[in-house]
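Letters A, B, C, D, E and F mark the chains as written, and numbering starts fresh at 1 in each.
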Amino acid sequence: MDTWTHVDERGQGVRMVDVSAKPATRRRAWAEGHVRMSESTRRRLQTEGSPKGSILETARLAGIQAAKQTGWLIPLCHPLPLDEVRLEFEWTDEGLRVEAFVQAEARTGVEMEALTAVAVACLTVYDMCKAVDRSMTITDVRLLRKEGGRSGRVQFGEPRLVRPSDADG
Amino acid sequence: MDTWTHVDERGQGVRMVDVSAKPATRRRAWAEGHVRMSESTRRRLQTEGSPKGSILETARLAGIQAAKQTGWLIPLCHPLPLDEVRLEFEWTDEGLRVEAFVQAEARTGVEMEALTAVAVACLTVYDMCKAVDRSMTITDVRLLRKEGGRSGRVQFGEPRLVRPSDADG
Amino acid sequence: MDTWTHVDERGQGVRMVDVSAKPATRRRAWAEGHVRMSESTRRRLQTEGSPKGSILETARLAGIQAAKQTGWLIPLCHPLPLDEVRLEFEWTDEGLRVEAFVQAEARTGVEMEALTAVAVACLTVYDMCKAVDRSMTITDVRLLRKEGGRSGRVQFGEPRLVRPSDADG
Amino acid sequence: MDTWTHVDERGQGVRMVDVSAKPATRRRAWAEGHVRMSESTRRRLQTEGSPKGSILETARLAGIQAAKQTGWLIPLCHPLPLDEVRLEFEWTDEGLRVEAFVQAEARTGVEMEALTAVAVACLTVYDMCKAVDRSMTITDVRLLRKEGGRSGRVQFGEPRLVRPSDADG
Amino acid sequence: MDTWTHVDERGQGVRMVDVSAKPATRRRAWAEGHVRMSESTRRRLQTEGSPKGSILETARLAGIQAAKQTGWLIPLCHPLPLDEVRLEFEWTDEGLRVEAFVQAEARTGVEMEALTAVAVACLTVYDMCKAVDRSMTITDVRLLRKEGGRSGRVQFGEPRLVRPSDADG
Amino acid sequence: MDTWTHVDERGQGVRMVDVSAKPATRRRAWAEGHVRMSESTRRRLQTEGSPKGSILETARLAGIQAAKQTGWLIPLCHPLPLDEVRLEFEWTDEGLRVEAFVQAEARTGVEMEALTAVAVACLTVYDMCKAVDRSMTITDVRLLRKEGGRSGRVQFGEPRLVRPSDADG
């Protein structure tokens, strides 16, 4: 029933899926990911004021920039004109949780943009902390919710980046 | 002892770390990651011949291209002239395992290049299969081994991409 | 009558042409190109199963990625939000024929995107086969058909990438 | 004997070839390509002063920029630190001839950089003249000469971009 | 009253501003900048025919290309589909004046695109003349006029790149 | 005596200068630039804690990223493997002063990288503050000092980013 949309129906190779018949509608996606780290690394990140600030801020910008590059980074993605990208961080028992929210008016969804933002933000945290702890892992990168398009709202988890204005989105 | 290498010693903000005093030596890194998926998605990917081939091949190329872009994608990474990039896939009970190997002669390690290759290959698998299964997660992206530089060989797991010629690397 | 659209009317230098007064309409373009190679190279490419597959698949992806980058690669092109990119390969007496199809809703045509996809796919085939045959040439890269915009359908050759849904495009 | 260097020996997919064991030596490559156009288009390009200048100058810059991007545009190419890129144009009976010269100190050759420079310069000429003549073709893009590396000098045609200093290269 | 639009209202870090509620309207921006140089450098640039032409032409193309890359170069800018980019040069008593004009139909203004075009064109002039004069400065890069959006026309200086068709814009 | 290095000796167009005969040596460059703003804008930036932090931090990262892209942004620059990039900010009577320091082992200088880092950091400050003050200007972007290469140390101003380890550079 569901098909490998990126693979030609005659099985002759990949393609960028034709979205020309779809209307451009409001698309939103939320994704999350985690950097699992040792207790001591997490505590240092949380308590050493200034580095903490700039490490998370750098990861946030890396995630925003990556969201905008998704259409070139992921080979069969369509480049999309994003209207908003946000990232938020939260400390957990196992390390750091990253959440991204992306929206655009487009003929295709923005899940890949949200997932890419999360993955690159996590890689950036790893990069900036690797001199302290090389055994961190990036884990549970997944879609939380998507809105818009034929499938409407699909939900797999609870996003935190929900603002009043989204309530009736 | 270990310090936040990317943060200025006076705490005034991030920087691209000075590597000018380090000699350029042979650097190698292996990393892995996983796309966890449902039993049925995995079986379809494994058995439907042509799509399988082209999906993994696309993910492989996305990973290679991403490794080459790491120095721009991760804000404080140094762009490095890579000598080799390889990716390999393996089916597991939980889905797909991706391994990347990267090497270069450089003043700094190539861990980020290997991790970025893995993360982007996983995102590409997600992108190509998302019409079939949106609940996949990208997980356990981590460094397996690194060689070269002051810290010599550091090992966290067992890479598969070891060829005879690497034995005495 | 026809003018050098990219050159300022006062002859003072190039410019990115003003397309603001044109409506955004459905644009389609088909282009082709050829990699001329020796009989023996062609036979090896055709018969050695796995390499053949991955070489053409790599060229296909390179062409898709290049189409998406056309607006930055060709200095005076407008970046366009592409709705679909396809490439197809065919063996000929002289070597390999590459055809690309691109479509978008835009204020300007997508000929350059189709031609760029073809040229970069041909370059990629050359790159992957050059250890076997350095005397290949890339030849007869040309527009086959364009649709949309003021000039409507313009045809120079017969595309193969025509699907039922295009018939009344 | 000669092998598909970009395809894994076990036939499991493409890879970026390992060049780590090769010494970095002086590499040079010359390539050419042609934009075949109607007599009248060629005459307009040749005689209408200012447009001619700026069209060729734009194509030259596009070719230089493309040479520098080859390592990312062609999926399995190694990004190389180029020491020089030059392009030259010449009117022929059939239209325009483009020649590119590239050099670098590298572990692998610079043929792809020279061929890519030529192809993108030809595409740029097409782009700037397409309002006047859409039936142009880009043709006979090929390697003229390469120097350096294990195979030494390999010659397929006569470059024009040879300067005194190259004589004993 | 006016707020730091790129900083989260809860002060938790930067973000790409949400423009989803704004209508896409015609946006135009004009910006200028100056390369201040010595009398003798300016005279050489003005009188030595061919270099002058190609230096300004190269700067013009660099500015056009930079305008198209603004959404990725400036971290929190939205990538915008530009309809037109123009640059013009003028000799002044103190050196060279660069003016850029950009327009698009977008949910946000194109000031950054015009300013980035000017700044990169000035940097390119510096690059091409630095062997002759290293003491040049790039100065007075500023917005001249913007049109479209909620704030309507805002004017800080007198643009030269005004054409009849703009009069009733 | 001094020549337009980027223009062909026969006056036939621009080129990427041949640096192949130069040895790769340690190159360093310092540059500065200023964002001139109203007293009230400056005071808000200085006193409103969190926004200030993130605005400067964002500009810093934009400058670092831009330094790494200089070889593609400035058409005739050589892409260089940078060993370090730093940016620092300082409040002045007229607004904000930005200083950048860049170093690499290369066949050509890194002035353009330092100047580009400064210019893009200034543009980023403008972008983030433009909702508050559109009349800011970017001014006095200039080289402060360069070291390495045939011309040795050349000095035009006093850099602040001098650390003990540079003293004998």
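Heads up, the rule we're going with is that a residue touches a chain if its C-beta (ideal position, glycine included) is under 8 Å from a C-beta of that chain, and two chains touch if they have at least 3 such contacts.
None of the values given here were measured: they were computed from a predicted structure.
In terms of the stated touch criterion, the partners common to chain B and chain F are A, D, listed by label.
The chain pair from B-F, B-C or C-E that repeats the D-E interface, sharing more than half of its contact pairs by residue number, is B-C. Rounded to whole angstrom, the centroid-to-centroid distance between chain D and chain F, based on C-alpha atoms, equals 32 Å.
Mean C-alpha position of chain C lies 38 Å from that of chain F. Along chain E, residues 12-14, 54, 57-58, 61, 65, 69, 75-76, 81 each make contact with two or more other chains. Contact between chains, using the touch rule, shows up for A-B, A-C, A-E, A-F, B-C, B-D, B-F, C-D, C-E, D-E, D-F, E-F. Interface of chain C with chain A (complex): residues 26, 56-57, 60-61, 64-65, 67-69, 81-88, 103-105. Against chain B, the residues of chain A that register as touching in their complex are 2-7, 11-14, 33, 48-51, 54-55, 58, 61-62, 65-66, 69, 73-77, 111-112, 115-116, 119-120, 122-124, 126-132, 134-143, 146, 154, 156.
Here chain F touches chain D in the complex through residues 8, 12-20, 71-72, 75-76, 78-81, 107, going by the rule given at the top.
Those residues of chain E lying in contact with chain D across their complex are 53-54, 57-58, 61, 65.
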